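Look at the two complexes coming up: chain A is in both, with chain B in one and chain C in the other.
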Partner chain A sequence: MLRSCASRLRTPGALRGRLGGAPPPARDSRPPPRSFSSEVIYVDHSLPNPSWSKDMRLLFDQFMKKTEDGSWKRLPSHKSVSPQRTEEVKTFFPDAKPIKEHMSQAQLFPRSLEEGLGFEYAMFHNHVENRTVCIFQGGPYLQGVPGFLHGGAIATMIDSTVGMCAVLAEGVVMTANLNINFRRPIPLCSVVVINSQLDKVEGRKLFVSCNVRSVDEKTLYSEATSLFVKLDPKKSLT
Partner chain B sequence: MLRSCASRLRTPGALRGRLGGAPPPARDSRPPPRSFSSEVIYVDHSLPNPSWSKDMRLLFDQFMKKTEDGSWKRLPSHKSVSPQRTEEVKTFFPDAKPIKEHMSQAQLFPRSLEEGLGFEYAMFHNHVENRTVCIFQGGPYLQGVPGFLHGGAIATMIDSTVGMCAVLAEGVVMTANLNINFRRPIPLCSVVVINSQLDKVEGRKLFVSCNVRSVDEKTLYSEATSLFVKLDPKKSLT
Partner chain C sequence: MIRRCFQVAVRLGRHRVLPGVPQVLPRLNPNSAFGSSTDSLVSRFCLKKTDLKDYALPNASWCPDMLNLYQEFLEKTKTDGWIKLPSFKSNRDHIQGLKLPSGLAVASDKSDWRIFTRCIQVEGQGYEYVIFFHPSKKKSICLFQPGPYLEGAPGFAHGGSLAAMMDETFSKTAYLAGEGLFTVSLNIRFKNLIPVGSLAVLKVDVEKIEDQKLYMSCIAQSRDQQTVYAKCSGVFLQLQLEEESSQ
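Now for the complex of A and B:
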């Protein structure tokens, strides 16, 4: 049953009305205050900051150039989600029980490490081609084998990118499967490009694939396929 | 070619001589100092701390009980790796180029978030049965969909557990494939049990599977298969 082989819900709510192609302002170079105020958690983190390497900035500028004719859009990214989105989730999981006492501290996993130490990334989407690209610089706190990224960190950015590709194509979806082939280790603090593509839609099933390459595209680090299931907002899953 | 379909190296070096079944001391309840001194990075983080829930402590005690007859061993876990292990990695990737300027900050990804906010876990291994079990409490900074764990956080702990199972069975290995079926979302801050098992060894290939269940074992959250490739210490990969 589709309902039982699905896992995680993705909604387009957080992106609604916030996609834009205008050149963004650079983020403040001062370290962010350690606070959970709405001022901090709704900061757009997919903008350049002082921890970004030259490669990361060059790639960002290249993709921003592509947004100028409207074919590509930069996707904003925040640490937290709006209360409205939390309500959307309840529609699909009325019987699931998040543990409420910790919810005030909740943060989006790929944005939970401090600037420069974890996941630095920005995503761009081409709606006509159903493609989402993520430029990703993995910081020193993402280590697995000494000097290289942990497989879980790679999986996290792959999952985030293919998930974004699926939700922007078809609305509310859940990940059912993620299948990753690791080809070569990714050096810590280097920059890679994750290219994802919606391959086909069969009924409520969406098939999205991606590859992870070096900036010069010569090195293939990983490849992945994924399956998402589109949800019917009128039907709960439990 | 096996060499090109492998990805990440895992060595038993970090565990050598450090497996022990004696009841461990509880970790200090004070927050750790924000320092990179060896004193801090070589702390064993797979011991109870004040952020652990009642479920997590009960499970830990149950598995510690199983270590008393020597059939199970608790696996220690640290934020950083020894210089000796870094040298081991160079044997296999002489041409790979970690970016050295950041290496002093490097930390093991699943241990890089502060106590209680990210990955709280402890692993136990049964050498006769080739099984590794991970008890895992996913903190509020691991959020994906509001109220639930991010798929990347689940993938990270699955990867860590099956990887540990493979390395303890056959020595130095690399992950070639990780294939995860997500069945149900995992509530943020709940405790789950990841059960991994070495299924078969074919030449240099190791097949390890696992499932992720609730503490009462009634809910199956995820299932995964993985492929590892055993390395020959005398042969480099590049």
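Now for the complex of A and C:
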């Protein structure tokens, strides 16, 4: 089961949110709590939209089927972090300066581009095996070498996916190391599957690895290993 | 030579290139050295006379630290051999007249494709950065100010955004220092989070060039160097671009 209190420093916010589309068995079927401002509605972006290619939709459906027996869960994904999450994280940064007025438009990085242009993705988690899978379609604004996805864009999605795996296992964590081997360049606008796995936990250290493959699994695009550190509320970070 | 080197690179990892997968790299003349001099690469890359918008110029969103350091380096471009790199909307604009070797080039290329680090064009909201390159010392400095759209932890830049900025700085350095084109590996050690809207200074050095690969290191720090944000080592694969045949 997803930890409802699991906080995440770097990735998608509220684990509570509106679940649209074919509803997976939800632990909590009540409507989501209202946010502080009645104007704000947390839209779930990890759902098919017109910019999703056929491959992306097929994969999404395959994974949605896997959620039917309860072993897998689709993770909702929002543009910004909920106020509750912000408060939880702030306890680790007591000296953090207040965010200036004009920055109140902060958005979670992978969700800050218009539909279809940047990161289109959906994540699924298996709590028994501690695996998080992300299906990802990189749009035309993520170019590196002409025709291919920027190394930094796939690094961002790898960081988000392994990070989610770590958060769901242990709560508030921070990326300490990220080690990526790029085997082949990813064509722009194609769909890839990022499979991440929690390998072991040693005290406050979490070791997560992942690989990035094509939809048919025949092409291995990259592999990564990462180290996360579980934050200690008693120790200030800054 | 390239094919052998690529296979060496693959063998370093745990997985082999799967059989049946078409060969990615074309056969290149083993005698053609990576001989384009840095100077010729730079002059072609920097396109002095152009209508293209250069995004690596100060704007109202730049914090005072960034503006001051920018001025310092601008002075150094006159006296110390540094060059300010222009930053266009697409990497294609930097390599006009050149193309990827056939076999690698993507068939359709829409003109609305954009380089990742210029994906958010609203001033101050995404990546604000400028890269200075020193051709003879083969090093770069990137002044990077992450905007609110790059947030990860509330109030701080997403780790992926720093990874991307490091990859991008490596990429431009590798290309100009030795026709490095594709990232082979990135190894990042994160130390501290970067507050949104503050300046991070990335210093990149080319450690060595060997077996058609460029090995580089990067350290990202605050301006006063009191806070280290991250250290990173990166490896890029050399690949020569070809002249586009006149159509």
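Basically, the second predicted complex is superposed on the first by the 194 of 238 C-alpha atoms of A that agree within 3 Å, B and C clash if a C-alpha of one lies under 4 Å from a C-alpha of the other, contacts with A are read in each partner's own complex, and residues count from 1 in each chain.
Everything that follows uses one rule, which is that a contact is a pair of C-beta atoms (placed from the backbone, for glycine too) under 8 Å apart; a residue touches a chain by one contact, two chains touch by 3 or more.
Remember, it's a predicted structure, so these values are computed and weren't measured experimentally.
Enquirer: Return fit or clash for chain B versus chain C, each positioned on chain A through the superposition.
Expert: Verdict on chain A: clash between chain B and chain C.
Enquirer: Determine, under the contact definition given at the top, whether A:155 touches first (chain B), second (chain C), both, or neither.
Expert: both
Enquirer: Of the two partner chains, chain B (first) and chain C (second), which one does A:113 touch, if any: first, second, both, or neither?
Expert: Both: A:113 reaches chain B and chain C.
Enquirer: Is A:180 contacted by the first partner chain B, the second partner chain C, both or neither?
Expert: both
Enquirer: Could you tell me if A:218 is touching chain B, chain C, both of them or neither one (first, second, both, neither)?
Expert: After superposing on A, A:218 lies in contact with chain C but is clear of chain B.
Enquirer: Contacts for A:190 in the overlay, against chain B (first) and chain C (second): which applies, first, second, both or neither?
Expert: Only chain B is touched by A:190; chain C is not.
Enquirer: Go through the superposed model and pick first if A:147 touches only chain B, second if only chain C, both, or neither.
Expert: A:147 contacts both chain B and chain C.
Enquirer: Residue overlap on chain A between the chain B contact set and the chain C contact set?
Expert: 9-11, 81, 85-86, 89, 93, 96-97, 99, 103, 105-110, 112-113, 117-118, 140-148, 150-153, 155-160, 163, 174-185, 187-188
Enquirer: Could you list, by residue number, the parts of chain B that touch chain A in their complex?
Expert: Contact set of chain B toward chain A: 4-11, 81, 85-86, 89, 93, 96-99, 101-103, 105-110, 112-113, 117-118, 139-153, 155-160, 163, 174-185, 187-190, 221-222.
Enquirer: Which residues of chain C touch chain A once you look at their complex with the stated criterion?
Expert: 10, 13-15, 17-18, 20-21, 24, 90-92, 95, 100, 105-106, 109-110, 112-117, 119-120, 125-126, 148-156, 158-161, 163-168, 171, 181-190, 192-193, 195-197
Enquirer: List the residues on chain A that touch chain C in their complex, please.
Expert: 9-11, 80-81, 85-86, 89-90, 93, 96-97, 99-100, 103-110, 112-113, 117-118, 140-148, 150-153, 155-160, 163, 174-185, 187-188, 218-220, 223, 237-238
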